[in-house]
Each structure stands twice: as structure tokens, then as C-alpha cells.
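Just below sit the structures, each encoded as C-alpha cells.
Here chain A shows up in two complexes: once beside chain B, once beside chain C.
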Partner chain A sequence: MKLRRLKAIAVKEVLQIWRDPRSLMIALLLPFTQMFMFGYGVNLDLKHIPVCTFDREGSQASQDLLKRFQASLYFTIAENVTTYPQLVAAINRADCRLGIIVPPDFSERLNDTGTAPVQAIVDGTDDNTANIAFGYAAAVVSSYSNAVQMAQLDRQGRTFQVVQPLQVQSRVWFNEDLESRNFIIPGLVAVIMALVGAQLTSLTISREWERGTMELLVSTPVTAGEVMFGKLIPYLLLGWLDAAFCLIIAALWFAVPFRGTLGALFLTTTLFLAVVLSIGYLLSVLIRSQIGASQIALVVTLLPAMLLSGYVFPIDQMPTFIQKLTYLMYARYYVTIIKAIFLKGSGIAELWAPMLFLVVYALAVVLLAARAFRKRLA
Partner chain B sequence: MFARIMPIVIKELLELRRDKAARFLLIVPPILQMLIFGYAATFEVHHVSTAILDLDHSQESRDLIARFTSSSRFDVVEVAQSQHQINAAIDASDAAVAIVIHAGFAELLRKGQGAAVQVIVDGTNSNTAMIALGYINTIATGFAQDYAANLMQREQGARGTRQVQVTLEQRPWFNPDLNGRWFFVPGVIGTLTLIIVVNLTAFAIVREREVGTLEQIMVSPIRPVEFIVGKTVPFFLVGLGEVALVVSVGLLWFRIPFVGNPLVMLLGTTLFLLSTLAVGLLISTVCSTQQQAFSTNFFVLSPFFILSGFAFPISSMPQVLQWFTYINPLRYYLVVIRGTLLKGVGVDVLWPDFVAMAALALVLLTLSILRFRKTLE
Partner chain C sequence: MTDAVNGNGEAGAQIVVEHLVKRFGDFVAVDDVSFRVGHGEIMGFLGPNGAGKSTIIRILCGLLRPSAGRVFVAGIDVVRDPERVREHIGYMSQKFSLYRDLTVEENLRFFGGIYRVPRDELAERMRFAIDMAGLGGREKALVATLAGGWQQRLALGCAVLHRPPILFLDEPTSGVEPTSRRRFWDLIHTLAADGVTVLVSTHYMDEAEYCHRAALINQGRIIALGSPDELKRTALGGELLLLECEVLGPMLAALQQAPGVVDASVFGNAIHVLVRDAGHSLVELPAYFEQKSLRPSRLERIHPSLEDVFVRLIAADMARGRQAA
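Then we have the complex of A and B:
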């Protein structure tokens, strides 16, 4: 491989990129807009869940309980209804997601049998919100229950005894504020780079086919390998620029904690770029029309990267056969890596396994692309 | 007028029939995406990988731990012997939670001084972490209440003073098992239809413009409005077909319920298709090449797709983005689909969404027809 020829191809590619507004738009506009849109739009933190209260007793006790819901950050009282059909209508209309029903004999039960049930009705169509809303509601009721127990013991004149025998002391590691954006945004960088990388290179060879310059290229002394690497180098530089851009937005704008080292970040990002750029190149070799190549590139990268990479949906909760499928998903490895670098401060030593997968993947795709290129020329 | 529209419709349908790639793309990817979404997209936490450290080795500590191990939700992956092993397990992501019971646990319980159990949670995925913490709290509360009840009984014996407690009965509506698929699959129906219809419509017209056949059609007696109607009717039918296909996969394969009125869903689907057709049309009036159409499609469909409430609740978005969703037809259609499939509500509840979609369709159609006329001059 001659450096001079390699450089010539690279310079030609740079000129072509510069003159093609579409490539520039992909490289600059796409990451920027997607980072902000996904970054703000994809959010799993639930606050201000609208609640509808149905107090069938209207006593001091029931009002005390309902006030606790009002005071909670996680809930806002949307409506106080007085009949059951009103509650049904409110939930049907999605005016509220949670309905709290206090029974008409609430205080009586507390004094008499000792157990007073409160009903929480949740709109189950969004199962995730339902799960989390139940969790929050249970915490509110539990703390109210404790207060009532303490008051009762006080009245009975018992010396203050800790009523709650067991306390859970929980510590959250890596994402102490439990903000969904801290794990979604690093993964988002992976998804965007997968998309952008493939889009960039998906045009490069098909453009030559379409314009007829492929024949010209082949008649020169350049070898297939020099063409491939010469073409990929400018895109690698562009990819670094884009990745840096996205990562800076993640760390500085979205304030995702960054605990790793820049060296690890650079190395792993380069590996990932090698994979995605080669995949775009492979598609470009296989598909002779530019529009076809970019369409297929979009379909092959975006949805799998979003669903099967562990970006938002946790892989270990998926059915086993899908989990096996995700091993083929190259974005999965980078998502793991980047989350680990940001939140855990992991280094190369801990990340050697996913990095190895990326290396193998890159080699496989490059070999496939080289072979396909030779075949197409023949 | 009708006589001029029909030939365009027939021409478009014939082209679709001849285009094997289009037929393939209309059937196989939607089914594949349905399946992948249905199985991969989940926020449910079925099993939490757990590491356990019991430094007390008492009956009480074993009882508490047994409650975790016997629960189907906790997958014990390690029984550690030291805090160091626990830390390593969480660090290496072998375990998502760790439960640590220190020595002296049982003694504190018996003395009534209140004991603590330490829980370490890997917060990397905050959503699963919160749900896991919720499960842990439920088990801990159960243990605490049982223990306190036993203690009261033993202490008071015959007096039998009951311990007061307020409990929460959870009643999920519409989706009693809180099955994640019932949430996602209806969302996929709307999303797929939006993407397919907008793509088809935009590309069909832009292709004609690029190739030059658009000009040829315009010199014929056909009027722009008739041309647009003729072009979009086939895609309307394709859209209906897509919805039918995807709903069938949802009902038959994923066993999603259908408790509402199919006619209501049909009405909602029609209005939705009208607005998506209008979006595709509008895009086609601003693009002159297929390349541009591709990029514009992506930039328009991305926000429509993400900011619709299909996976991520609208109420969690910042206010500005929530305002955007008001012009997103998918947002309203998702309410209609979920309403008719899962909730069984009718027009009396869904009419605001119908009106919104109709308004969007009207505005967008008018805009695109006006623009279309302009681009012809």
C-alpha cells in the first residue's frame, strides 16, 4: 500500500465531501438536532403524576393521608371526585393516571380492626408509569401507616418504641440521583454515532458507481485496499469531530457525570467508529444507488441500535432468544462501554471484553467489504 | 372530475403492484419490527440479579433472605462472604442489587431497637433501579409487619391489641398484569403506519418530479387537486392495509385485547391517515430530489416518532416539547389506539383527539395543495 496513493484518495474524498452539502448536513446538523431532541424527549423520570382522589369518608384521618399525596413531589392532585363514575371518567379520559380511594369506614377500621385498606387504581396502559406510581404510592401510604402506629402507641402510653422493626438503607451506585438522563444520554451518543457513521460512508462508493467515476478509479494504479482506507480516513476524522461534539454536549450541557479518562474514551470511540464506518462502506459497495444505500443504512442502523443495544431497554430483561440476538448488534458493545466510562469510571482493563468484540466486528466487516468490492469490480 | 382521478389511482396501484421491492418493504419489515419491538421493548423488570451477604447468620436474617430468594423477581447470582465480594459484584455488573445484613441484626430486632438492612443498587439504569427498589421495599415492609405482628402477639398475648396499619391495595386497570407489550404494540401500530405512509407519499411525488413525468401529467387536463387526490387514495388504502396487518399480528401473535369498538378505531385511523398523507404531501412540495426527500423525511419523522408518547411519557418532557406534540398526529392516534384496544372507550372520550387530527389534516392538506400549485408555476 503506497502512502502517496492513499493520500490522493483521501484528499479527493475530502473535496467531494466539501462539495456535497448533504454529507456536511449529515455530519453537522444531524448529531446536533438528534442529541437535543432525544436528550430532552427521551426521559423516564416520572414526576407530577396526576392523581384523582375519592375520599369516601372525609374525616381528619383521610384528609391527612390525602395531604401526604399532595405534598409528594411525584404526584399532583388533578381532581377530587365525589362519585365513583366520576373517577372512572377521569381515568378513562386520562385526566389522571392514579386514583386513590379512601373507604367510607376508614377511621372506624383504624380504631376497630386495625387494618384500613386504601385502594390505588392505576391506568395500566402504560405499565412502566403504573409500576413506578404504585411504588411511590406505597411509600406514601407506608409512611402514613407508621405515623398512625406511632400515634396509637403514644395514646396507649407505651414508652416510645420503634415500631418499624426493619429499615431499608439503600445506596445507589453510579447514578446517585437516579436520573434517567444519566444513562440515556451516553447511550444516545452511541445510537447517533451508529446512525451518522453509516450514513456518511453509505454514499461514498455508490456515488462513484452512479457518477460513472468508478471505471476511472479502477483504471488507475490504486488498489482496492488503498481505495477503502483512503476513503475511510476523512470519514474517521469527521466521525471524531462528531463524537467529540456529542460527548461534549452530553457532559457539559446535559451534565452527565464523567468519571472516566479521555484516553479510554478516545480509544473505544475510534474502535466503534471503525465498525460503523465500515458497515456504511460495505452497504455502499453492495448497493449501487446512493438513495438505496442510505435508506438501507438507515433501516439497518437506527431501529436495531435503538432497541437492541441496551440504550433504553435493558437487555437482561429481554427474552433469552432476543438477548442472544443482541450479540450481533455492534452498538450494544459501545453502549456498555460508554455508560461504564461515564458513570463507573471504567478503564481499558475493565472493558477489554466489549472492546474485543468491536475489534472482531470491525475486522469481519472490513474483510467482507474488501471481498464484495473485488467481486463487484470483476 | 372523477373520471380524471381514477386513472391516476389505477396507475399508482399498478406501479405498486409491479414494484416488488415496495411490496416486500410494506410487509416484511413491519412484521419484523412488530416482533422485535414486541419482544425487545420492555421496561418491565422480570428478574433482578442479586448478591447476598449475611453476616448475622441468625434465624431472622435467614428468614429475611429467604423472602428474597423465594421471590421469582430476584435472581440470586452470588452468595458473598465479604463486603469486598459484594462491591466487586456490583462493580462488574454481575449483580444489579446487593443485600447486606450486618452482624447483630437479630439482636437489634429482638431488643426492639430497629434493625437495618443495607441495599446497594446499581443505578446505571435508573428505571430498573427504581422498580427494583420498589420490590425490595415491598418485601422489607412485609417482613417488618410480620415481625411486628408476631412481637405484639407474644408480648401482649391475651390482650390482643391489634396493631394498626394502613395498607395499599393495588388495582391496575385495563392491563391487569401490567404487561409491557400491551403498552408498546399499539404504539408500534401507529409509528409504523406514520413512517410508511409519509415515506410512500413523499417519495412517489418527488420521484415523478425528479424523473420529469410530473410535468407531463400537468400538461394533461387534470387539475392539481385531482392529481393529489389520485395520488394519495392508493396510499390511503395501503395505510389501511398496514394498520390491519399490524393490528392482526398484535391480536393474534401477542394476544393484545381489543375491548373497544372497531368502528371507532376505523374512524380514528381514517383521520390519522389523512393527516399523515398531508404530511407526506407537504414534504413532497419542498423537495425536488429523492435525496432531499430522504433527509427531510428523516428530520420530520424523527421528532414525530420520539415525541409522541409511544414509549416515553409526554408528561415527562420539557414544556416546549410538550407543546410540539400538539401538532403531532401520532400523539392523538396513540390515544385512540390505546383507548380502543385496551380501555374500550368510545367517541365520547376520544372526540378531542378526533377533532385535533381532523384539524391537522385540514390545515396540512390546504397548505400542501397551495404549495403544490405554486411549485407548478
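Then we have the complex of A and C:
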């Protein structure tokens, strides 16, 4: 490996990237747009679920209950209707996800028997949303019913404390507000780096084949290793730059708490970049067309990184076979690492296992790529 | 072309090819080719497209592996040690293969780095290459914006930047206008005069005149090899007469049976007649025409051009190929 040749290749590559609008777009524009698109677009929190109310009684008690829905962060009263068909129509139009019907004898039954049924109609087309909405609704109603009970006891002059023998007090660690954004965004950085990294390098060798420059390059004394590392160095620099963009956007714009150290972040990100850049390079060596290589790179990086990395879809809820498959996914390790660094403040000492996987992965792909490039035409 | 060097000398041979064969599947692209090129010699490869010229050159550069045979360049076994050969050669491929999105200067600097041209010499060598290619003032121009002839000369400049003793030029003048071609050959001669061994392929038959020796290649085989003069003297296997007459058809038919005539073919609006002995035929033929009541307006001996030689040899080779098949 001669430094002079390495430098010649790297400088040439930088000039070519600089003059190739397509590479520049992938390198500079894609991370930004992806960060904002997915950062805002993917949100698993259900807030302000639109609710349609049908208050058949219109009493103080029924309005008290409905006010609790309005006050809740999870619901917004979108519509108040006065007939049943209107409520059905609101749900059919998907203006509302949840309909709350207060019966005409609500306060009467509440006073007489201490209990009163409230009907909730949930739009079940999205069963996940429906379940969550129903759970939230049940919680609102139950907190109201607790309040009513206390008030009744009060009125009856029984002032003794209602003691609940056991109570679960849960406390969430690392993502105290259970903001889905806080765990999605660090994973998103991994997805974007995988996409951008492999896309960029997938063009680098295939471009030389397509333009006929490879024939001359092969006839020179340059070695396969010099070509590979000379070409990867500029993309690693670009990868660092992109990673810095994404991480800054994550920490400053989306306000994801960053509790780890920059050193750990830098080291693990470099490992991950080594893997994805080499994958793109390997594809570029194997597939001698820019379009072909970049398409395959898209399929082998983006899809698994989105679906099998645990970035959004929890791995422990996947079928066993798929779970085993995710161990082959390099993105899985980086997603684990980057979430831990961001949210838990984990350091290298805690992250040695996924890091080791990345190291092994990086070595394997780099080795494969180095072996795949033959200085011959056929 | 008086500085022709004898390429058969053992000591001076920079390129030695022995019984070279290259197959692509069932197709035999190079069929038992042997030749030598001496130090400072310009060897031309001529022949139609697909004859195997580029394949031989690529094998010599170590880009393709031969199926059989031995190949030495600068005394190095190319099959065994292709990497070591590369320090000693410059290569210009048939398809333009510099970086079009880099400037003239950036391309030169790139190859200077790849060949590790000493830093203190690089500026001077780049200057030389730019002057040679006539690209002064265009150092900062993107290669894509240069005309074909300039691109080719720059490619030659890049190929000689590291002063290789051996140059492989694969159809360097194809698609280049005649004046640029002429200029390109002048450059090749300057390099050869400095002791560079040049193997150059072309499909322009007239360019063989510029070579010290030329090999005519057809269907993967060398069918003639020699200096342009040798080829013109001996390769035809006879001497050439020029014949002009009113109606070509009956004359051509009559010539096929005429005594002493090997072959006759239409050449423009005249007939070139290949005869075993020009002196005899110039006496015999007029009598024969008298018998057949044919009256040629002109009959005289001419010196064959290389094109005569090549057209005749390739036609004969094709005919042999058909007979064999």
C-alpha cells in the first residue's frame, strides 16, 4: 500500500464527487430530507384523538365527564352531536375515532345505584389506535368514577380514607415521557447512514466500469487495496459529516436527550460506516452498472435497516425465525448502540457486545470487497 | 523510416510472444500468435475490426489471461507477474479512458500519483505532456470539453508521463481527423527515437507505412509480418499490373484464364492484375488480348500499396477459411 497512490485515488474521487450532482445530492440533501421527513412523519404517540360526544342527558354530571375527555391530552372533542346517526356519520367520515354516548338516565342511575354505563364506540379500522384509544377512554372514565365515589362517600359523611391495599407506581427510565420520538430518532440516524453510505459507494467502482476508465486503471501498478481504501476514505469523511448533521438535528432540533459521550458515538458510528460503505463498495465491484448497484444497495440496506433493526418495530415481538434473522443485520447492532448512547448514556464498556458484532461484520465485508476486486477485465 | 530496428534480435526484444492463444468459450480470438518487438521499434498491428488486435494488446498489458502460450514484456513473464509488468508499460486503450469529469491537469496529476512520478519531476513532466499534446492554455479545461484529437493526445501524454520503456497504443487514431492523425504519428516517432518500444494497432491501412514493421492480423492469426517495403515486395506472391479499359466485365472474366495471371480485381475504375512475373506478362498479355479481341487502353507495371497487399492477403485468408470450413 503506497501512500502516494492512495492519495491520488482519494483526491480524484473527491473531485468526481464534487462534480457529480447525483453523488452530491445523495451525500448532502438526502440525510436532511430524510431526517425531517421521518422525524416528523413517524410518530407512534397517540395524542389528541378526535372524539365525538353524544350527550343524551345534558346534565351537570354528564358534562363533568365529557370535560375530562376535553382536558385529557389524549383526546380532543371534535364534534358534539345530538342524534345517533350523526355520531355514526362522524365516525364513518373518520372525523372522529371515538364516540362517547352518555345515556339519558346517567346522573339518575349514578345517584341511585352508584354506577352508570357509558357507551364508547371505537373506529376499529386501525386496531392499534383503537386499542390505545379505548384504553385511554377507560382510564378517563375510571378516574371520573373514582372522583364520583369519593364525592358520594363525602356526602354520606363517611370521611374515612379509602385505602387501596396495593398500588403499582410505575416509573419509566431513560425515556421518562415515553416520547416515541426519543427512541425513533436515534434509530433513524442509523437507517439514514445505512442508506446514504451504501448508495454513495455503490456508484464508485461501477462508474469506472461504465465510463471505461477502469480499463486504464487496471493497466497501472495501482493495487486493489489502494483502489479500495483510496476510494473509501473520501466517503468515510462524507459519512462522518452526514452523521454529524443527523446527530446534531436529532439532539438540537428534535431535542432527543443525549446522555452518552461523543467518543463512544464517534467510535461506533465509524464502525457502522465502515460496514455500510464496504457493502456499497462490494456491490459496486460485483455489479458493473451504477443503476444496478445502487438499486441493490437500496434493497439490502434500507429495507432491513427499516424493518429488521428494531428501529421502529420491536424485535422481541417478531416471529422467532425473523428474530434470529435480525442477528445477521448489522443495522440492528448500531440501532441498539445508538439508542443506548443517546438515552442511557451507555459507554463502550457496556456496549462491547454489539460493537464486537460490528467489528466482525466490518472486517468480513471489507475482506470480501477486497477479494472481489480483481485487476482483470474478464 | 530508415531507423528501422531489427526486432528479431534476442537481446533487444522488449516484447516476446510465443504461441499465444486466447479463447472466449468456443470462440478463438487469438490463434497461435508469435512475434517479437525490439527496443525502440514501432510495431504496427493492422487488420479488420474483431481480428484480435485489442485482445493481444490486453494480454500483453496483463488485463486478460492467455489460454495458452508465453508472453514476456520487458523480460517479465506477464502471466506469472502482471503487476511487475505495469511499472514498465504505458497503455492507451481503444475506448477513451481518461476521466472526462476531471481537467487536463487533474488527469495528469492523477496518473503522476498512480505511477509515483518523483514529485520534483512531476511539474516538468506534466509540462512536457501538455506541450506534446498541444494543450497549452487548456490545463484547466474539463477533458469532456476537448475535441477528439486533443483527447487522444492527452491520453498519450498520460500514458508516457512515467516514461515507460514500452507503450501499447490500441487504435489511438480511430475517429481522429487526418491532420491530427499525422501529428499523432509524429509524436510516436519522437518517442521511438528516444528508445521507447511502441506496439500500436490501427485499422487505417495507410498507417502501416509509419511503422518499422507491421503485422497483418486476421481472424486471430498473423497472416503477414514485415517492414512495409518487405510486405510490398514479397507478401503479394507476385507482381502487380494496372490495366484500364472501356468495359471491365468481359476483361475481368478473360483475365481469370490468362496465362501467368494469379488474380485480378477491380480497383476503382481500373483492374489490378497480380501476375507471377511482370516482365513476361507485359509481353504475353497483349497477344492474349488480341486473340480475345479485347483492347485495354493502358497496361503497365505498378508498385503495390500496402492497401493492395492487405486487401489481397485478407481476401485470400478468408477464402482459405471458407475452404477449411
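Rule of thumb we're sticking to: the second predicted complex is superposed on the first by the 362 of 378 C-alpha atoms of A that agree within 3 Å, B and C clash if a C-alpha of one lies under 4 Å from a C-alpha of the other, contacts with A are read in each partner's own complex, and residues count from 1 in each chain.
Following the convention adopted for this analysis, contacts are C-beta pairs under 8 Å (C-beta built on N, C-alpha and C of every residue); 3 or more make two chains touch, one makes a residue touch a chain.
In this text, all values refer to a predicted model and were calculated from it rather than measured experimentally.
> Should the superposition on chain A be reported as showing a clash between chain B and chain C, or a fit?
In the superposition, chain B and chain C stay clear of each other.
> A:K67 contacts which: chain B (first), chain C (second), both, neither?
neither
> Using the superposition on chain A described above, determine whether A:R211 touches chain B (first), chain C (second), both, or neither.
After superposing on A, A:R211 lies in contact with chain C but is clear of chain B.
> Output check: A:I91 vs chain B and chain C. Expected answer is one of first, second, both, neither. What do you get?
first
> After the superposition on A, what does A:K324 contact: first (chain B), second (chain C), both or neither?
Neither partner.
> For A:R259, using the defined touch cut-off, is the partner it touches chain B, chain C, both, or neither? Pick first, second, both or neither.
Neither chain B nor chain C is touched by A:R259.
> May I ask you to decide whether A:R371 touches chain B, chain C, both, or neither, giving the answer as first, second, both or neither?
Neither partner.
> After superposing on the shared chain, does chain C or chain B touch more chain A residues?
Here the partner covering more residues of chain A is B.
> In the superposed model, how near does chain B get to chain C, counting Cα atoms only, in Å?
16
> Once the two structures are superposed, pull the chain A residues common to the chain B and chain C interfaces.
Dual-contact residues (chain A): none.
> Which residues of chain C touch chain A in their complex?
The contact residues of chain C facing chain A are 24, 58, 61-65, 82-83, 86-87, 89, 91, 93, 95-102, 106, 109-116, 158.
> Which bits of chain B are touching chain A when the two form their complex?
Of all residues in chain B, those touching chain A are 29, 33, 36-37, 39-47, 49, 64, 90-92, 96, 109, 112-131, 133-134, 136-138, 140-141, 143-144, 147-148, 151, 161-176, 178-180, 182-183, 290-291, 294-295, 298-299, 302-303, 306-307, 311-313, 315-318, 321, 335, 338, 342-343, 345, 349.
> What does chain A use to touch chain C in their complex?
Touching chain C: residues 2, 4-5, 7-9, 11-12, 15-16, 19-20, 211-223, 375-378 of chain A.
> Please name which positions on chain A make contact with chain B in the complex.
Result: residues 22, 25-26, 33-34, 37-38, 40-50, 65, 89, 91-94, 110, 113-132, 134-135, 137-139, 141-142, 144-145, 148-149, 152, 156, 161-176, 178-180, 182-183, 290-291, 294-295, 298-299, 303-304, 307-308, 312-314, 316-319, 322, 339, 343-344, 350 of chain A touch chain B.
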